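Labels for the chains are A, B, C, D and E, by order of writing; each one numbers its residues from 1.
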């Protein structure tokens, strides 16, 4: 029941918000913040009861209804793959809400309602173990995000919102078809049971893998299905970009882990090299394009494409290092990129521009801001002792030793991605913070307020924590990852 | 001879027609300008019939020498139709006054049409099929042209009439062919003739095809859809709302019954045709809807598209295992579509300024901001139309596509899914206008329309959380199909 | 006479009716063509009532006639009403409904 | 069948088809209506031949006597006989004609040549379609349809009146206290 | 087919047509004399004994008159309209029995052309098509008075056809048959239907006058308003044909009315002397026509809206009620 309580707790806040009068903007903000904080508290409670060695923790399995004899269940559960994602979600949500304190002035009520609804959706996606339930949550996250981009976004917000919606929906169409097929063949929609009955649909594995895979690939996004991402990121409000980059993109990668690998192991093994190549193209392409950007937000957006390329590379290495590195890197990316978007948003609030050329020499004017930015940028680059390094390093180790890739070249080429990242991130940092102050408008900029520092502080703390002492995180992840990898490998062996 | 049990079989229909006739008389004493009383009385009659219908759920019987049948299928659809009728009256209550076309006959004709639809769900004889088709159509022709001083309304009525009568012609010729091939017009007789091989199969196939064409017109399946946008646009919105749900329900009711009872042996010939029609209907409806700027026309094309989805359920009708699922998925989809459609039309009625005015998409600008609840309701309806989860529309599509996959028509389900992606685009346009474009229009939403909005929106969401209710009811209805 | 003689006449009448609806633009003539279609169906019913020697075919025709009368009443009323507004019953001129 | 009989039926067929075509082609709506009456009358004769005298006379009475008279009435009343002087042949029309011809050929082929129903029509006893038999069948076995038709006619009557009832002039409404 | 039977039909038909055309001629005389008598005049009495040759001289005059066709008339329809008008009047009596069968030349000869079991429906059908001639005449003249007359006639005839048809139903239900022969026989064995079906009789009487457009229901040709209505443009023989149709219709409805309500050829001793039958029927027709003329002489013309009201609001409901009551009574009695 803990899971249900945690997942749906934000709805309490939604209800409270609905009842508030339109002018009580500050009350609304507080209500939303407190709700999300309590949700975070609940997730910590879940963590306290979490046992990494069990495959599903705190499972809630309620019969929902039967459709033509096939049960559709309300089936939630948490394991090592999802626990970090859940924590990431509940952790980032209050931070995002805090970041909107000044940024969102219009229709605060609607904004907060959509934000909390989004949290429900995201938690549901990470917890659902019934395919239909998963699909419902998956699609449901679209709606609040669509509005967050479409109402509170930038100039081309409508275009970006519709593009985001249609791309994701297009992906999920095939997934729905695959879910229907699985349910029909196996007579169940529950993920564990489907794994057990894998033999029934083994013949169609590759097609099913593709159907699921395209949906997740769009979400991740894997090259060449990434085109919606820069638009959505750039046009979304800061909090939206944060959540989008921090959590929503992880849903895709998580989907691969949760469904593609265990349900279609043989197909996964077969597809792994292709996926890895796409991931590497994504890493290099994302980096190259990021380098060419003049808009900071676009730069960060393209950097996401590159970073998630690493995640995919790790997942399809199909060994323990690769997968657990990928899971950790998902968290890392959520935190680092989330923080980057937050920083971009803060400067945008002050200058109403994101052009790289509009800045320069901010180091002198906003020292605290510059300092935090330094930490975050370096973490995103993967500097040792910061979180990014741990994740990327583990992934590269995994890729290097991966049997399915069969060649160290994959890891070798991917490593160039790390260098590219260093290049464009340092270029960005230099253009904004170093050198002389070229624009007179920048001279009067104020440094971070206390609220903003409070917003950023937890992120910085986690960046250092993971970077210096990642063991507790790996302890959470590893048992589940080992199970998963074993399952995939044994299935692949059997089928070979 | 007629007996009490016969009467019991058609009791709901009986109540509605008798009430219509009485209402015609009572209306004479209701002063002009207070025709709301007539509306309330009409609702009373429909509610009584609805109550009776719910009370006799689960019973099955034949009556009037097997002219009509009462089974789960018919009582399910009758509940849908009666509920549509009540909703349509709620929508019309204030609308007619505003458009200055308030006459008591409106409600009387509506009741007659409803009676025709109800009878259609029960028809078990080609003669009854034809007559109930006419009983439902003729009052609707008039109702479509009810705004007499409006050229649009009259044109809509004339077009509807022409195409409706044209469709009747096909139904009739088809019936004649089937009679010619089997020598019977009652379903059992036709089936018997088919089974003992005395039927002339060539004639039978021609007849079946003609029937399909005729009913294709009624449910607005492509390529027989050309009347729909004009009629939907020109007719009074309160009638359009009714047509978009109830006529479809009745049309599909008879189509389903005819196909399942009479044409199972033609399945191999019919399936490709139905496949083609379903695909075309989904494609044309959704693609053309993209280009629409008038909400009524947009919803008209969307209703064509939804007819296509329901037709998808038919494709596998010949497959015994799938057949029950086809019907119950079609029934479920009808409920989902009906609730959603009424909600959307309630909004159209709320924003219609003068007759047919203020219905362009730009006129929606800013409504979501100004009327958040209205906006939320419309959001729910549009998402439900598009088939996004946590709405009835999602489960409807889910079930339909499942049926299609089960019948082995993965390609069909894929086309359905792709077209619903297309449809998401124009439904999102409405949302974009409502929430993301500036504007400040005043609406006057009367209490009945808002009631409809609230009830349908809540139902679309609540029944999406607990869809098992309707699923089971639909499945049960099919179990009792005669 | 063989039954098919009547069927052929009926089929031709039906098709001419369809053509009338499709080709003619005068709403009244279109309507007449519809009546022709109905009659074609009637002829089949009566023919096969004779062939099978069952009365139901003739009964059906009887009902069709009643319904046709009802349809005519409504249809002509519509045409009179529309003529009052537009002074035309040319279907091609009915173009006030556009998207 | 005797030669006279064949000639008789051929004559009827020619009239039926020719009058239908003439209805389609003639530009004058009144003429079209009259051709249609001729067609209906011919069909009535066919009904007589098929042993359906009751239907035959009802056909004359309802179709010729009521329906077509109403048509004539409305055409004359509206002066609608020559409204559309030239009906331009649009692109889809030749297509329609071709399709229709194909359809005709198909049906005629089916019905006349490939059909097993080349059995001759039956000479029925007078009793078969006697008014008494028809009445009995209609009011016992077909009682429900009979009632339904009543409601169809009622709703049609109400509808027709609704559509054509003259809107009262504002002056009249004012003087009678109507709003 | 039996050749003798064909000859028999042809001869009987010729006799009927001859009777009706000659009857028409003399009904005009009858009307003029009778009207004159009512109006305290003498009437035509110069041509032949009692004016008996007057119709002949009228006919000669009309034949030699110049026929005029309006330039913008629809020529063909203008030409056939009078013919269309007269034919129903001539054929409607085909199903009416004139008497008991008689033996002649060794053959049993029925005194009617055809005893179809749907006689009354046949009559309804024929009545209903008789409206064409008038409508078309009004339309084809291309004259607004004519058109108005034609339209009025159409509306009036359609309206009264309902009541007329329903008034047939009463006798048919009581007799249990649609055949006129059976109806006459039924009246022989019980009472005449004027007594059993008084309401139907009255309805038939009025509706039939309206159906043939005679005074006081002669709206379509109201001279004062429409300058003779639908036949305003007709002259010469065409006009004569219209005229003929009207008078033949008078005879026809008198004959039908007599058959349905006054026992037809029934009368005292008709069983013993079959040849009395036709004589009785002729006498009844003679009286009925006389009454029609009398009505024309005494009643003023109705206003058009009143005429419609009478038809729709009085006669039609009354006829329905009569049918219902009759049906109930018949069921109860049997």
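In this section, contacts are C-beta pairs under 8 Å (C-beta built on N, C-alpha and C of every residue); 3 or more make two chains touch, one makes a residue touch a chain.
Model, not experiment: these values are computed from the prediction.
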| item | value |
| --- | --- |
| Where chain B and chain D overlap in contact partners, by chain label | C |
| Contact-graph distance - origin chain C, target chain D | 1 |
Omitting chain D while every other chain stays put - resulting connected groups: A, B, C | E
| item | value |
| --- | --- |
| Centroid comparison with chain B (C-alpha atoms), farthest chain | E |
| Two chains sharing the most contacts, counting C-beta pairs only | C-D |
| Maximum centroid distance from chain C, chain identifier (CA atoms) | A |
| Chain nearest the overall C-alpha centroid of the shown protein atoms | B |
| Centre-to-centre distance between chain E and chain D (centres being mean Cα positions), rounded to whole Å | 27 |
| Centre-of-Cα separation between chain E and chain C, whole angstrom | 33 |
| Distance from the mean Cα position of chain C to that of chain A, given in whole angstrom | 65 |
| Centre-of-Cα separation between chain B and chain A, whole angstrom | 43 |
| Multi-partner residues of chain E (each touching 2 or more other chains) | none |
| Numbers and ranges of chain B residues touching at least 2 other chains | 127, 131, 134, 138, 141-142, 145, 148-149, 157, 180 |
| Per-residue overlap in chain C, given as positions that touch at least 2 other chains | 7, 14, 17-18, 31, 42, 47, 51, 56, 59, 63, 67, 70-71, 74, 77-79, 81, 89 |
| Chain-level touch network, classified as line, ring, star, complete or other | other |
| Inter-chain touch pairs (all) | A-B, B-C, B-D, C-D, D-E |
| Partner chain B, residues of chain A touching it in the complex | 64-68, 107, 110, 132, 135-137, 139-140, 142-143, 146-147, 150-151, 157-158, 161-162, 165-166, 169-170, 173-174, 176-177, 180-181, 183-184 |
| Partner chain E, residues of chain D touching it in the complex | 28, 30-31, 34, 37, 53-54, 57-58, 60-61, 64-66, 69-70, 72-73, 76-77, 126, 130-132 |
| Parts of chain D lying in touch with chain C, wherever the complex brings them together | 1, 5-6, 9, 13, 16-17, 20-21, 23-24, 29, 32-33, 36, 39-40, 43, 46-47, 49-52, 54-55, 58-59, 62-63, 66-67, 70-71, 74-75, 77-78, 80, 83-84, 87, 93, 96-97, 100, 103-104, 107-108, 111-112, 115, 117-122, 124, 128-129, 133-134, 137-138, 142, 145-146, 149, 152-153, 155-157, 159-161, 163-164 |
| Chain D-touching residues of chain E, taken from the complex the two chains share | 74, 77, 116-118, 121-122, 124-129, 131-132, 135-136, 138-139, 147, 150-151, 154-155, 158, 161, 176-178 |
| Contact set on chain B toward chain D in their complex | 1-2, 10, 17, 20-21, 24, 32-33, 63-65, 67-68, 103, 105, 108-109, 112-113, 115, 119, 125, 127-128, 131-132, 134-135, 138-139, 141-142, 145-146, 148-149, 157, 180, 200, 202-203, 206 |
